[in-house]
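Next up: some structures, all given as structure tokens.
What follows is a pair of complexes built around chain A, which joins chain B in one and chain C in the other.
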Partner chain A sequence: MANAIYSGLVQRLLRVPPAIYVFLILLIILSISRPHMLNVNVMGIFIRQVVPLGILVLAQQLVMRVNSIDLSGGGVILLINYLISSSVFPGAPLWFFVPMALMIGTGIGLFNGYMVSKRRVSAVIVTLAVSIILIGLVQFLSSGKPPGDVPSIFSDIYNTKFWSIPTPVLFWVFLSVLMALFLARTVFGRYVSSVGANAQAAHFSGVPVERTVILAHTLAGLIAGIAALVQTASIAVGSVRVGLDLPILAVAATILGGVVFGRGEGGVSGPFFGVLSFALLFVVMTTFGIDDPGKLMAQGMIILLAAIFYGVRTAKS
Partner chain B sequence: MSNISKAFGGSVALDSVSLELKPGTVHALMGENGAGKSTLMKILAGVHQPDSGEIRKNGEKLVIPRPKDALDLGISTVFQELSLLSNLSIAENMFLGREPITLFGTIDYAVMEQQTIEALQELGLTLDPSTLVSQLSIAERQFVEIAHGIKADAAVFILDEPTAALNAADVAVLNKHIARLRDAGKAIVYISHRMDEIFENCDTVTVLKDGQLVGTRPLADMTPDSLIAMMVGRELAHLFPERSTEVGEAVLDVKDFKLEAGSQPFSLKLCRGEILALAGLEGQGQQKFLRSLIGQFVPAGGVALIKGQSLKLPVAPSAGVRQLQALGVGYVPEDRKEEGLFLGLSISHNITIGLHSAHSALSFAKDYLKNITDTMASMNVKAAGITAPVHSLSGGNQQKILLGRYLAADVDVLFIEEPTRGVDIGAKSEIYKLLRSFAEGGGAVLVLSRETIELIGLCDRIYVVHDNTIVSEMRAEEATEHKILDAALSA
Partner chain C sequence: MNSGQKIADSDKTVRSKVRNMFTGQQSRQGMWLLPLLGFIVLAVVLSVQTQQFFSAENLFNLVAQAMPLIIAAIGQMFVILLGGLDLSVGSVISFTTAILALEGPGFILIPAVFLLAGLIGFTNGIVVTRFNVHPIIATLSMQYILLGITRMLRPVSGGTVPDIVISAVAGSFLGVPLPVFWGLFVILVAWKILHGSRYGLHLFAIGGGIAAGTTDAAHNFGIADKRNIILAYMACSCFAALAGVFLAGRIVSGDPNVGLGFEIDAITAVAIGGAQLSGGVGSLHGTVIGAMVMALLANGMNLANISPFIQTAIKGAILVFVVAFQSRKRMGL
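Here is the complex of A and B:
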């Protein structure tokens, strides 16, 4: 009987996404080593830095729930950043750039979805190829030189605060809640979990499998467009290298958050904490004087540990 | 095996069960799903370890820590679940883990393929050993699996539902080999839900119920009725419900349908109030016809009307199931685990997904609580709750959930491939009653099944399919297995 209670407890603990544990551990480390940093102002700045990643994670988890993947986010962010910061559209207002970004993202997502679902091309290959093409396109257009400045309205909005919380952070929380409601309350959410669990069975239950995958990719593209806008606002200048590591970090944070291919048990909050863990990780490592190479290795280790954790869990169930 | 007990978590799967196998006999192991048959055999095969009790062979105490050790001890198993790797060839599957090696340390494909050909030939199969398993039919896979198990030079053979995916002709081949093994002095354990096979093949029967031993009897003293009574603990007077007498208008009207370019055209009608069967040997076109209605097979020509509306042939594969659903037709696929259920998701998700799929993706998802509880109650599903994952249910309850999804979606026509595959006899009877009351409520059912007895007992009318066309039509009450086989083969 004690054994049953014990194994029940272990089961329950294993069901918590690893991101929560990582987040708590980092929080404890930080509160011991640098307790003065744990206030709204400092943490707000740090979390604000990972908001583009956090938004892209919303896109990544959506496609991963239907057993797909989207690595094109890097190219999308780079292209949109270039179009806003270069002189292609001189003096264009905000109301022009925002719909433009959303349309580019949506279009690329639609293309990805069509290729993956209808043409049955591997999602990794399609989205990676799209990203490489977009990166090449930007390098061609800019001839390798960094483009100009981002219109100041972007950074003006980016630097606002409500109740001493940075607006981008609030925006990210808002989008996450929206995504959680969308998945929990719409028929599309049921389609997504069905296709992820068993695409064949989904087909025989009348779920439009192809359309679901296309819609998931299209929405992911739209969200990547939003992430591109926030990323562009955050750096305020154009760059030919911006956002290239974001897609793989997004995959990592999603897995860390308990959303593995075809399985969405971590919910939306799991990957949310996955992103927060990365934010804290950067802070902790910076305070300990560890540079980018060390950070990269730590990121890799976390991805690896999350994968091992899931291996243990699958064996148990 | 004596006094074997085994519990998983809190539930007792086996409670002090003993079993004695004698050389030169075929020993039937029977019981409803969840009675503990598979668990007992998995202990003998080294997959599970018993909590208590012991296993002796020729008086010697055995410990079987791993499946490989069971093979070394002369215990060979063909499991119910298809366990072949579909991306490997037949030969690679047969020799998995013990591949013959050449002088240079590479795999000796020549020896492997030659021995595979021989093993398959013993079962009367002429398959190319380099064929990928993914390209085989389910029956062929089952045969490869059997060849895999039988090939090993063992003293004890465990056949766990070897015929679940086989048709009558294949079963006859298998029976011949079982007799051969018996005559060679082997001890064989035979697990099956099919009565006719048990009486044809076996000498002794052991019945389990709820993890406990009911008894072991020589089959010569038993009748099918007394065996069923032993299994369910009561006489099952009517396994099949009464047939209906009234039929309404046609809901499926097929004319001049040609499956292949060279095959004979055929016509058929399915009417309200009736249960109709497509019978015959396996793979003669029954499934091809049914799947051509959802676009998974491209027929050569013909007309299919559903409730007076003509289906555009060939049907688009991605829209086929939804198109039928919009017309009030449910399509219940054959393979419950691969094509039917979301095993890791909850009962409620599995039931309601059919209801959800009638709505557009961006609409609000209702909870359909009443539909779920009504379905669970009317189908007598035994489960911990509606949030329990479907893989935690027994085979019979899983099948009920699958049917429940289509019934809950308020269809009035059902196309069913294998209504009771791998389901115990109690659940079978319940499913038959459900289908009959569905038909009596104005519904219509078209059934395929490998179990001819089931088709005869359940249905009102039977079309015999052979060589991609319908060769005969008969009233089910006049049909026998012999007549159906005769009609198929004399065509």
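Here is the complex of A and C:
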């Protein structure tokens, strides 16, 4: 009897995405070592920094739910940042840049989706290659130098606050809620989970598998475009290195949040906490003086351990 | 393709025989004749464009330039034959040069490099087979961990590698530069592993099963699939380490960024050489041809004064183009 309760409890605890545990552990570490940092203002600034990552994670988890992956986010962010900050469109207003960014993102997402679902190209290869092409293109156009400044309206919007919470954070929460509703309440959301669980079974049940994968990738591209806008607003200058490590971090946060290829157990909240864990992790590592190589190793270890955690569980079931 | 009838039909006409020869539709070795033609065309174009191309000096130079990619691509091929990918190749190369540039005697550093590479490959293999992690995720995280360790050992390029490594790359024997012998040695070893041993046959069997969607097909025929997969990842890392040793000899120092993007180049070379990324189809000669095509392209683009940034973009486009024309059943990763 006691044994059954025990194993039931363990089962339930194991079902919680690792992101929650990591988040809690980091929060405890931070509250012991730097208690004065835990207030709304300081935390708001730290969380605001990871909003582009958080938005990109929404894209990543959508494609990972249909057994795919999108590593092209870095290239999309770099291209949009270049187009906004360079003098390609001098003095263009905000209402020009926003649709432009969204259209570029959607177009690249559509290309990825077409290649993955119709031509059956490995998603890693095609999105990685797209990213390489875009990065090469931007670096060629800017000849490797930072292009210029971002129109000030971007950083003006970025720096606003509502009830002492930064606007980008609210925007991220809003998009996450939207994504959660979209996955839970629409037919497309059901298609996504059925394609992820078993594409062949979904096909025989009448689910338009190819169209679902294309749409997931297209939406991911659109969201990457949004992430690019927020990232551009956050650094407020043009750069030829911005956002290059974001796709990998997005994969890490998504896996940490319990959304692994084809399985969306963590929901939208799991990856959300995954991103928050990374926000805290950066703070903790900075306060303990761990530099760039240590951060790279930590990223790698987190992806590896989270993936092993889910891999072992799949093998058992 | 699934019935004997179809094969018998296709054998009737000479035309379809020729077509099969070029597209490699029913071959385990994949489409390698077309890349060979591409290689010859590229070589002819380059030799017409520039007078010095066919000089012995330039050709030997080309071999030396292409050698790291050839070695790394051969390693990558073992993993691709199993339907996997090793994204940690570039990091292993950087890591190797960083280790070699630690001040120490060559007879300790060189075995240490291969020991460490074997350990890295072993870890990759264990994580993939025993912990059921997707190869891309496993090797991606390994790439980041190694990158971190390499940058910790050597934040910027510097140090000197042991003299024996430098002389093994720069010298010549009987008037022929040593890189040519490196190439012969690597190809012979890989040929023995792939086409001259039971292990190579097992690799094709396991990969074919994975490509067809029945992951335990080879296992059911009594092949120790997990052990063989682990060995393939170890071979991949060891070949990458060999490429790293060669590169270290050429640049004479340790460089944390020398291997950046090498894994993508290696995958592109294997894909150009006719291997199917879903596994089970590929060949050693195809891989070598693919790597030589890449080297010739780089050489030609350098001669044409094309910006290095555009060169990377073109390489990416080639990868998408080549892979887009491979037939595959599985969707997604």
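The working rule: the second predicted complex is superposed on the first by the 313 of 317 C-alpha atoms of A that agree within 3 Å, B and C clash if a C-alpha of one lies under 4 Å from a C-alpha of the other, contacts with A are read in each partner's own complex, and residues count from 1 in each chain.
Going forward, a residue touches a chain if its C-beta (ideal position, glycine included) is under 8 Å from a C-beta of that chain, and two chains touch if they have at least 3 such contacts.
Predicted model, so just to flag it, every value in this text is computed and none were measured.
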| item | value |
| --- | --- |
| Clash-or-fit label for the pair chain B, chain C on chain A | clash |
| Which superposed partner A:L296 touches (first chain B, second chain C, both, neither) | second |
| First, second, both or neither for A:V209, with chain B first and chain C second | both |
| Chain A: partner with more touched residues, chain B or chain C | C |
| Which of chain B and chain C A:I133 touches, first, second, both or neither | second |
| Touched partner set for A:T186, first chain B, second chain C, both or neither | first |
| Which of chain B and chain C A:A236 touches, first, second, both or neither | neither |
| Partner chain(s) touched by A:M100 [first = chain B, second = chain C, both, neither] | neither |
| First (chain B), second (chain C), both or neither touched by A:N67 | second |
| Partner chain(s) touched by A:S122 [first = chain B, second = chain C, both, neither] | second |
| Residues of chain A contacting chain B in one complex and chain C in the other | 209-210 |
| Residue numbers on chain C that touch chain A, as the complex places them | 85, 127, 131-134, 136-138, 140-152, 155, 261, 264, 267, 271, 277-278, 307, 309-317, 319-320, 323-324, 326-333 |
| Chain B to chain A touching residues, read off their complex | 9-10, 318-319, 321-322, 325, 331-333, 338-345, 349, 352-354, 356-365, 405, 409 |
| In the complex, chain A residues that touch chain C | 66-69, 115-117, 119-126, 128-137, 139-140, 144, 199, 209-210, 213, 248, 251, 255, 261, 292-304, 307-308, 311-312, 314-315 |
| Of all residues in chain A, those that touch chain B in their complex | 4, 7, 185-191, 193-194, 197-198, 200-212, 215, 263 |
